[in-house]
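Below is the structure I would like to discuss, written out as structure tokens.
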Amino acid sequence: MPDLIEIAKGLLESKEVSFIIGYTKDRFGRVKPYIAKSVEDANNLMFDHHSIHNLAVYLTRLKIPENGRVGIVAKSCDIKAIIALIQENQIKREQVYIIGMNCSGVVTHSTDEWKKENIQIKCKYCADKAPMLYDAVAGTAEPFEQPDDTQEVLMQKLETMSSAERWDFWAKEFEKCIKCYACRQVCPMCYCEQCLAEKNQPQWITTSPTPAGNFSWNIIKAFHMAGRCVGCHECERACPMGIPLTLLTRKMGMVAGKEFNYRHGMAIDQPTLVGSYNFNDNEDFIK
Amino acid sequence: MKIGVFVCYCGENIGRTVDCAAVAKELSAYPGVAHAEAYKYMCSDPGQNLIKQAIKEKNLDAVVVGSCSPHMHEKTFRKACASAGVNPYMVEIANLREHCSWIHDDIPSATAKAIDLVRIAVEKVKYNEPLQTIQVPVTKRALVIGGGIAGIQSALDIANAGFPVVLVEKEPSIGGHMSQLSETFPTLDCSQCILTPRMVEVYQHSNITLLTYSEVEKVEGFIGNFKVTVRKKARSVKDEVCTGCGLCVQNCPIKKKAQSEFDESLTTRPAIYVPFPQAVPNIPVIDRSVCTYYKTGKCQMCKKVCGREAIDFEQQDTFLTFDIGAIIAATGYKLYKIDKKPEGHIYKGYGEYGYGELKDVIDGLQFERIASASGPTSGEILRPSDKKEPKKVVFVQCVGSRDESKGFSYCSKICCMYTAKHAMLYKHKVHDGEAYVFYMDIRSNGKGYDEFVRRAIEEDGVKYIRGRVSKIYEENGKYIVKGEDTIAGVRMEIDADMVVLATAMIPQPENSKVAQLLGIPYDKHGFMQEVHPKLRPVETSTGGIFLAGACHSPRDIPESVAMASAAAAKAMVLFGSDILEREPVVAKVEASTCAGCFYCQKVCAYSAIERKEIRDRQGNLIKVVAYVNAGLCQGCGTCNATCPSKSVELIGFRDEQIFAEIQSLSGF
Amino acid sequence: MKEFIINTDEIANLISSLPADKWDILAPAKDGKSFDYVLSSDKPIINSEAPPSKISFKEYFFPKSETLFYYKREANEISLTEPKFAEKKLLVLAAKPCDAASLPILSKVFNWDYKDEFFNKRVNNSVIIGLSCAYSDESCFCTSVGLDRNNTKGSDIFLTPFNDKQYVLSVVSDKGDSFVKEFLPNLTEFTGTKETKEFIDNKPFDYKKTKDWIAANFENKIWAETGEVCIGCAQCAFVCPTCHCFDIVDENCDLNCGRRIKNWDACQFGVFTKHASGHNPRNSQEKRYRQRVSHKFDYYYEKFGEVLCTGCGRCTRGCPAGIDIGEIVFSISNQ
Amino acid sequence: MAEEKFEPKVVAFVCNWCTYTGADLAGTSRLKQEPNARLIRVPCTGRIDPVFVIKAFESGADGVLISGCHPGDCHYNTGNFHARRRWTFFKELLNFVGIDSTRLHFSWVSASEGKKWVDVVNGVIDTVREQGPFLKYKEIKEHDFQEIEN
Amino acid sequence: MNIYKPELVEIKDIIEETPDIRTLRLQFKNPETQKAFAFKAGQFAEYSVFGEGECTFCIASSPTRPEFLECSFKMAGKVTKAMSKLNIGDTMGLRGPYGNHFPIEDMKGKNIVFIAGGIGMAPVRCIIWNVLDLKDQFKDISIIYGARTVADLVYKNELEDWKKMAGVKTVVTVDPGGETPDWNGEVGFVPSIVEKVSPKAENTVAIICGPPIMIKFTMPVLKKLGFKDDDIITTLENRMKCGLGKCGRCNIGSVYVCKDGPVFTYTQMQQLPDEF
């Protein structure tokens, strides 16, 4: 299997892509996103279990020329986001050259060791560890010890709580929010030029980082991810306040799966869940 | 902004449970309200004058009327305000009657609620904006899809009124199923005799552009302004040159390979053919799937005999576009094929009746051909298998109709009548023959219809058996029809020579495709859907598109013709004015914030959302955004609620207005 | 400077003896993996080796959301009332030097012309006990901005570990002095010498040189290179002890009452400088990131004679895109 | 002071064509209802954004009712189908954060179902009354305005 | 002192200048405040609609006429839209005056050219009236004002007044295509009209305010006419929130437009980073 740098060099040399969104290591060994624009730059590219960032976010943040093409280094969980972006008309399939990475799980923090306790919970459920949509594949996947799904435990605990208890749980979590919007900015599916949170004519959500303002922001954000979240868990990683945001997106994902047997970002020609309907959709809850 | 509040007592209707004066008084001190008063009958002339006077005196910008339901008098008050210089869309109605005084008894709580309701309206109206009705020009040309009797009738009506019509028929000839029929009930006059002159009239009409062997490919635009692309399929015969002499057809060496569509597969036809002798236009078409030339590159017999050099083997499909103002869908029906495994259907079918296996088990249209003077037997009743005269014929009704387990839930409506006709025709032609009819009920509700059925039973001696047939099988050269006479309560077995099944009418398989092209709804069976079953039976939810004939539901000839004329009348109403006025409640996209996810397009039931490219001065694509075609938008606002960045808003029900209504509740 | 020796149990006593109705105590505590300043924590961690909290303590002086006044409408009359100010005092225990130093820096902007009494009251009502720092990682660079592990800037009282059980307590300010006199009257004076670990800055830069470079390099590819990786969230600004941009908005409680609030805001948001007309002077992330770096190391210095940074490294540790401001300034300084 | 009887505040978002007209019919038929509901008329249930519900709770609603045309009856063909999908998520999400089905109700009421409308509305009001005021939401809102009464 | 708390003012009059520009005449509810309120031409204030927020405009009336305060605004954002819905007698909030001002003392004894475009006339109008009310202290006055169309011209009556005044040359222009049949002013863009009017540069101060594009193209004309950068004065309109030099929104480099501005000479402007 050709390695990442070889593929990247070839693409940049032949000008098949104008740049490659990938990862690099800084002089302290920390992994971070990197835009390789030349063959020389390609030497700086790398991929390992610290390559946690979902780079699909850059596909909409950076300008891709109308008929241009860019390369992107993507794990299979990131590829779901790329597929979802294609499903949602944000990019065209032919605009991205996907270098799919065989992945052996990623750890939560850049300084963490690659071991069971540190591997992200999402990796446990990455049913598609081999890239599912790609133009080239690189890297080798190594077996790893799967993390415990501590979130599942919490999820079940929440489900058994009374509404009032759940409310208190979330009120406490949301109170931490400082409205830095890192969760939004890091999310590949949050590509709106003007976020609802920025719309003030009329005022869609209370912008203050107060209990009421935080509640409306986090709820609306979670709702906007309903049927759209690809489960990359970037929002929770980015949150400086440690709010368990993926509990919300996970819950929405469970609804999508249970009620509609749907997962976003699985196929580029799949009709999106929001925007389609079925005459026989469940309506037990409607009087 | 100065708002006037007008509270109506509605005689005692509101005044009995709501203290209207108190409502007016409370509102007079409300921010933004410059005037508030109550009056006995606001909708009366003096009441309207009060409003007009206050508008002028206080220089009001907006008006809230607390009265009956907006469905009742919104228009009245809007008109009154408009005449006094306030834009009609700066008027809001608070429903104090249906939603308050009539449903409550307690005066204090009803009054408190009334105050709330008016306040909600006041808060909304603060965010209303003056709107103008949308004016759309009307192209006065109609498109009729389908050249059966319904399409022919619609086309002729509109053309005779002086408007141009484009009539598109997918078969090589117009005429539809009616041209296949022998005689028609209840008068037993010859179908072709009454139809053919109309077909010729269509052909010769200076206002009608007839496109046979053609299909609608694309429909864009909206009421009054459609752009329609028609695919004219390659006929392999130049229609402008052909004289219809028929030499090519006579000389075609391929005679047996193709089954005649017109004769319902009871006969065959050549590779180059005219569907039937009276076809309009009388121009042949080459069936490329059987023609030797297209298989081997040899033959060309037709080309050799044609004196006009009309044969063109290389002919391609061509595309024609038309500007159209109104569209009438008249795509008709077909009969339910009842084989064991009906193609493309989840329905179980009637394999036990042997249709498709037993040669003399035929359907209604096949019997029409047999009974027709122009049919394969020249009108003699001879059974298909051995061309012998059947002496005992069983007719089975409701095959597929009214039978949810094997067919369809609905009644096909015409089978009772045509079965009676078939039995009668048989008895008239085979005097010593026996005719049996299995039926569930007899539905003969039309002028002269019941008398017709009675005549079949009483004068012609057709034997009617109430009951269903369970099985048909061949035994000793006879068809054993097993059934039950539910009135006598006995099992029956008839050894028939021929069986005619009155199979269900179902929509043409292309119906749903056409409906999708037109952007109109269709029901689960594929029949096209009218907008209102009682009051707007020929209109669809898409403005400017009307329905005629059996594409809507099973119906007989007079009904189809009536519906076709109604649809034509609707189209002509549209053509009656040059400009169309529409409510301005439509969605609008803010391009600067649109992220181009096109979820709005996915949820729009009217295909009103289009894509628009935004380019900079150098021509570089900046982004692709949504754009609302105001002509198509019906104003439901689903796009507005779906848009993640709130870049599309429904004018008249903008978020700002609804938020104001919601937030007004916090003051209570 | 007066110096005393203080035992760990004396610190514990101090915490328990402060009257709870008059004093709030803010101190680092461990919450899961990270350290955070926790209000009225009963388990403060006084550990100079602890890493910095994820978010600085600035919200106790410059809250993330602060009511400026309330308004009430009755008929057409409007009345304004000011929020009541909590008279409770705040003791910050074991503040990192890089946090404590932020208060004098912030004070400059909040007082250079008009005086922001909201900030001032909170600062005046507090006593900051700094703690010498023995932590460092690749994100730290306090020495480069003129601070260090034992810098007492912003502290009223400063603690330096002496041995396992004892700290050297230095009285830094008058406020600190009166606090010690009131609550720690019986301490033994310290006369020895303190030993502290040296901090090795792995990205040393000269902030004066940096300033000159920035002033001369408004257009430079370094801004574009960072701007394209930066995803434009504001976690860097919000966790920063010195970032102080804010927004002023109105919020309604119902139709007739509401309040005006000051909320944290950040120059990294696209809407920050966007005019109602749609015009936006800083319309790309490149420009916005340039603004952030320039404001910290050039503009603020130009105006107030100080760098708007304490080198705490929080923005780097938390950056979802792995951007290291220290590295940027380091590379600028070495150009 | 005697304890005041709690009267819930219920906001109902209804579509113009079915439920609003159904409520009109209830009025025309003089079917008595409890006076706690305030109707907000929108063209179609498809128009109802979940934020409306959040705003309603923010504005002090104790319960919210959303009602529109039966499936297949939508004046705009499919608006209610899209709405129904949205609600499936929304009610689950709200339930997950502690706003359960006693606060948020959905119904289909056609233009001819005046009686059903009355039953639905009274049912919702009774349920909400039984639950008591929605203090949880009021708490977080009032937290922001706690000093306003002083 | 709560520096963020506004004073209450009452709307005394509303003038609809154009379809989207209004002028509000305001008076402090507290007569003492009204008396004590002192400002200089070029300063701005923060205007509040309670429940909607604050909004920044220059004071459009002259300090020589202290009985009222006027502001002119274009409906664009949330607050200006709310302001446009207020009625006479309604209460607003006002904080200010803030920022620096036109150097009126230095302008004495000089000729003055006022150049304004669109809503940019509001701050200019303040200094125009200030100068005209003390006219004997100044030399020749020229006023060049342009708008997109005749309907978009603000202060229409005052334009007529100025035209009639002795020693004041008033030229009003509209963009090509913006004229009406009865329009008797100039037709053309402001830069070309400035060139046409060609005010002499000697001992003259130019005060220019308007959309960025107008300023961009007028500057070379003024340079050509011989104006020195120090004698060209404009006001910047960066987005502001606090007006107090704190919130960080209006910064251009180390300059707080709200404190160090909004009035800048062309010389000063050229030293700022290009972020306005």
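Just so it is clear, A, B, C, D and E label the chains in written order, and each chain counts residues from 1 on its own.
Criterion: a contact is a pair of C-beta atoms (placed from the backbone, for glycine too) under 8 Å apart; a residue touches a chain by one contact, two chains touch by 3 or more.
Quantities reported herein were computed from a predicted structural model and do not represent experimental measurements.
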item: Given chain A and chain C, the chains that contact each of them; value: B, D, E
item: Topological distance between chain D and chain E, in contact steps; value: 2
item: Label of the chain whose CA centroid is most distant from the centroid of chain E; value: B
item: Gap in Å, rounded to a whole number, between the CA centres of chain C and chain B; value: 70
item: Chain A and chain E, separation of their C-alpha mean positions in angstrom; value: 49
item: CA centroid of chain B to CA centroid of chain E, Å; value: 63
item: Length of the line joining the C-alpha centres of chain A and chain B, rounded to whole Å; value: 45
item: Shared interface positions of chain E, touching two or more other chains; value: 77-78, 90
item: Where chain A touches two or more other chains at once, by residue number; value: 194, 196, 201, 203-204, 206, 208, 210, 213, 274-275, 279
item: Shared-contact residues (touching 2 or more other chains) in chain C; value: 65, 73, 76, 247, 249, 251-254, 258
item: Touching pairs - complete list by chain label; value: A-B, A-C, A-D, A-E, B-C, B-D, B-E, C-D, C-E
item: Partner chain D, residues of chain B touching it in the complex; value: 69-71, 95, 97-100, 102-106, 109-110, 112-113, 116-117, 120, 521, 541, 585, 603, 605-606, 634-638, 640-642, 650, 653, 655, 658-659, 661-663, 665-666, 668
item: Contacting residues of chain E [partner chain A, same complex]; value: 77-78, 81
item: In the complex, chain E residues that touch chain C; value: 1-6, 8, 48, 50-54, 76-78, 80, 89-91, 93, 212, 237-239, 241-242, 244-249, 251-254, 259, 273-276
item: Residues on chain C engaged by chain B in the complex (per definition of touch); value: 73, 75-76, 252-256, 278
item: Chain B to chain A touching residues, read off their complex; value: 127, 524, 592-599, 602-603, 620-621, 624, 642, 644-647, 655-656, 659-660
